[in-house]
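Heads up, the next two complexes both have subunit A, just with different partners, subunit B and then subunit C.
Coming up: the complex of A and B.
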């Protein structure tokens, strides 16, 4: 009994260590976002300070940003957050609409080259994005998709679609074929079977997969950097805060905190499904 | 009227042929059971009739209509699956309503039909629960309920009781039989359990390796099996098989056989060729422990294991055959046989209870009038 208590204490200590290692950068950033510029570079680091909302005001242009060597910066951080929301949610929706039927087909039908096709789809995740992006840049400018939400949603499919297809394939495989057969015998036609039986059974898994893929889209950097100018996602907007010669760290920290809020909100909303969706499939 | 028939139905999986040209006629309101060991094609045949399996050639007719190329949804049948296949995201009521909503039945009609079905199956209290909150037997009832609300011409059951425990299986067996009497639909029922087949069926179809071995009433299959396979498949404990040879015939209605060095015994079975190697079959329940004073074959049974089941005693042992060899036999007795393991006792089998099989497994015709059942 005693040795078990000791083991559990040690385990708890280990968990605490891991939590601290994982949480420290986040806590540090949150702290920095409430510090004044002078406190940021202080050595040894300051843990007790008078919190200020100044950085957030600068971020949303409620206060003037510091005058730089290049003139006064206007940040308008609200815009990239909205852009990221539109692009990421749009990308996930398009992926779900296109990917779930594809995943279903891969799960339920036998056809020649099926596994090759599935692998080909996944291989989009292998290619270094930067390699693809240079020709993409020219192509997007030529067809007028450069700096458009539509273009970004489309190109984000490289990130989101393969995952949705592969995850929904495995979730469909978890639904016993008998369910669909039973529905067919009950007199349901294909569309009805899909909408009333398959999709509701896929839902928990699909919500989890969508959240996961949303995070991938939200954190993508390279695509937005090259293919947008004004409608930049939040990741690229953060980079622009790192202006040369200016101490913008507190404002960048505030921007990082803001950029975390949307994913955190979504995860809290879908947490129940996230657990169910990623641990075991859609059923049983 | 809902006859079901298949004609030259062939089903293949790649290079493997699962059904070799099945010809079968099922009558209206008949309770027919497909029985056979696993891999015999019984479920495949059922699923082909349901339209769930595309068939290679042949045709399926339901109520006189060729439905070979008709969608399962339009064949006017219901099916109960082995794993129930209830929709887990719907309540039991939702499950029962599903086939009616699919067919666009009016709301008031749906309610009354769901009520009738749930009363019939005693599941009124379960209607608002999800399938995951039900026991196996309750799920089975809901699955049957979902099948009957549709009021189909034909019911298909695919091993519906195999996931239930032994006690519940017997109860549901009786209930399904009762249900058939009430609803008077055509029922096609698949099982690997010959007891289910014998107790429920009007007629049994015995399948093996994708071919029909015999179609007949339980009574016919028991008394006049077409071949050795059917003879051993139907009946439990299974029929004993003992090698023997024919040593003479008196007319073409009698075959005299000899087992090992035993006395030649005339059997009322169509005559086989002289000195032909045959297989003698007799059921454990026909082994007698006293001389029956009629024509009978006598064996010296060396008992191994004696099982007292209360109503029945099963004796497992060996009897000598040719060249000093022995074969395993089973004897059942309803009278209380007091016997220790390892003793040898005289047993008899009346000539009229004997079966003979040729070396290819086919039966020689018995000239015995089967006693009436009822």
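Coming up: the complex of A and C.
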């Protein structure tokens, strides 16, 4: 009995170790974002300090010029956050509108080449995004989509649309077919069945899938790096914070926290859905 | 009557599939355009474009730097996936035990996966600073001082693989955890009754049964790691020297800094072929192990 208690204590200790390894970097960066520059660059690292909001003020350009330790450096971080929100929400909406009907068709219809089409959609998961970006860059320059929200929302579909199709197919397959058949016997038409029977049942899954796809859009970096100049998403703006050349960790830390808060709030909302989505529907 | 119904069904099918197929089809056209570009000497800002067949490829194959990039890509992806598979298995086993904290803290496994990989890369960059970083502070307790992380070419590859492993080990843990949960308790119980030890159960029952899950996770991660751009671009940008100059980063600089679009596209085509071949091999392996288990 005693050795069993010991084993259990060791297991709990190991779990705690893993949790610390996963959580510490995030806790540390949050701490750093509330430190003054001197505390961040201090060695040995400072664990107790007077918290300050200065980094966030500089990040969002709220501080008066020269009122901070960083001088008059101008940082534009509010706009990238807004850009990321617009592009990500736009990408999710377009993906849902174009992808859910396709996912439904793949789940419910038998037609020639169906599995080929499903594989074609899955293969986008393996697509070399950079290869598509080079011609995309020239195309965007030519038609004036470069640095536009519309262009970004379209190009994000390469990441978001296959995921929505794949996930909504898997969620539709979970809905018992009898519900639809019963509605059909009562004389309902296809579009009617879809709107009044399938969609309400699909809603929880759809919310989860949209959350996940929003995350994917929020994560994206390479597309924004190459296809935008002013309307950059938050990930690209973060990298620009490092560019000034000076040791800029304090403000970068604040920017990192901002870029991470949104996803962390989202997992609290839809943890179960995320597990299914992150594994491309492999887990139910 | 039946005939008419089938036709309206077809119209519905067409309408539901068409928007998605059109959007994705557009990307396929761009992909072929990219492939065509790799056969030309296209440069940004120059209108004249000459078709030169496999010229970009033969020139690439003759350069040592290109082969360094191929091996950097392979080393990065395969070592990251191997570490993640082993650690992920260990963490899945740990969180599948009856330990109380394992049940409480299971959601934290998701944490690294939901953060933008570029943010993760920058986060670790600030921690990996050789002089003031908190990692070297911790290492100093076990007698290692001034580890150079991304600042020296000898350790840079280790540092970027380390970041990939931290970020994506949870992905393996999540999938393997589901695999472990899927094993019927009666099988384990039966083995225990007939005198099997914990290690025996692990090697003879659990590992073979979660192997398809491990391979599935490896497939996804290997593809992503072979294409990895964010983590490396965010930390080393391929340096120091060309220590971490993987194909995707090399293609970016070739195309968007040196403006050799044709050659950049050729590098990406090579990268894509490597991804494709690795994926096919893993899918075959996965099908093989799945058949054996079921």
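Criterion: the second predicted complex is superposed on the first by the 241 of 284 C-alpha atoms of A that agree within 3 Å, B and C clash if a C-alpha of one lies under 4 Å from a C-alpha of the other, contacts with A are read in each partner's own complex, and residues count from 1 in each chain.
As a working rule, a contact is a pair of C-beta atoms (placed from the backbone, for glycine too) under 8 Å apart; a residue touches a chain by one contact, two chains touch by 3 or more.
For clarity, every value in this text was computed on a predicted model and none was experimentally measured.
Within the superposed three-chain model, A:197 lies in touch with subunit B and out of touch with subunit C [touch as defined at top].
In the superposed three-chain model, the partner touching more residues of subunit A is C, compared with the other of subunit B and subunit C. In the overlay built on the shared chain, the residue A:51 is in contact with neither subunit B nor subunit C. Shared-chain residue A:184: touches subunit B; no touch with subunit C. Of the two partner chains placed around the shared chain by superposition, neither subunit B nor subunit C is touched by A:144. Once the two complexes are overlaid on the shared chain, A:23 sits against subunit C while remaining clear of subunit B.
Of the two partner chains placed around the shared chain by superposition, subunit B is the only one that A:176 touches, whereas subunit C remains out of contact. Comparing the two complexes, residues 283 of subunit A contact subunit B in one case and subunit C in the other. On subunit A, the positions that touch subunit C within their shared complex are 8, 11-12, 14-16, 18-19, 21-23, 25-26, 28-29, 32, 40-45, 97-99, 101-102, 104-105, 109, 111, 117, 120-121, 124-132, 134-139, 154, 157-158, 161-162, 165, 190-191, 215, 218-219, 221-222, 225-226, 234-235, 238-239, 242, 249, 252-253, 256, 259-260, 263-264, 266-267, 271, 274-275, 278-280, 282-283. By the touch criterion given at the top, residues 50, 52, 71-74, 77-79, 81-83, 85-89, 98-99, 102-103, 146, 150, 156 of subunit B touch subunit A in their complex. Residue ranges of subunit A in contact with subunit B, taken from their complex: 176, 178-179, 181-189, 192, 196-197, 200-201, 283. Taken in their complex, subunit C has these residues touching subunit A: 8-9, 12-13, 15-17, 19-21, 23-24, 27, 30-31, 33-35, 37, 91, 94-95, 97-102, 105, 107-119, 122-127, 129, 131-134, 137, 166, 170-171, 174-175, 178, 216-217, 220, 223, 227, 229-230, 233-234, 248, 251-252, 255-256, 261, 264-265, 268-269, 271-272, 275-276, 279.
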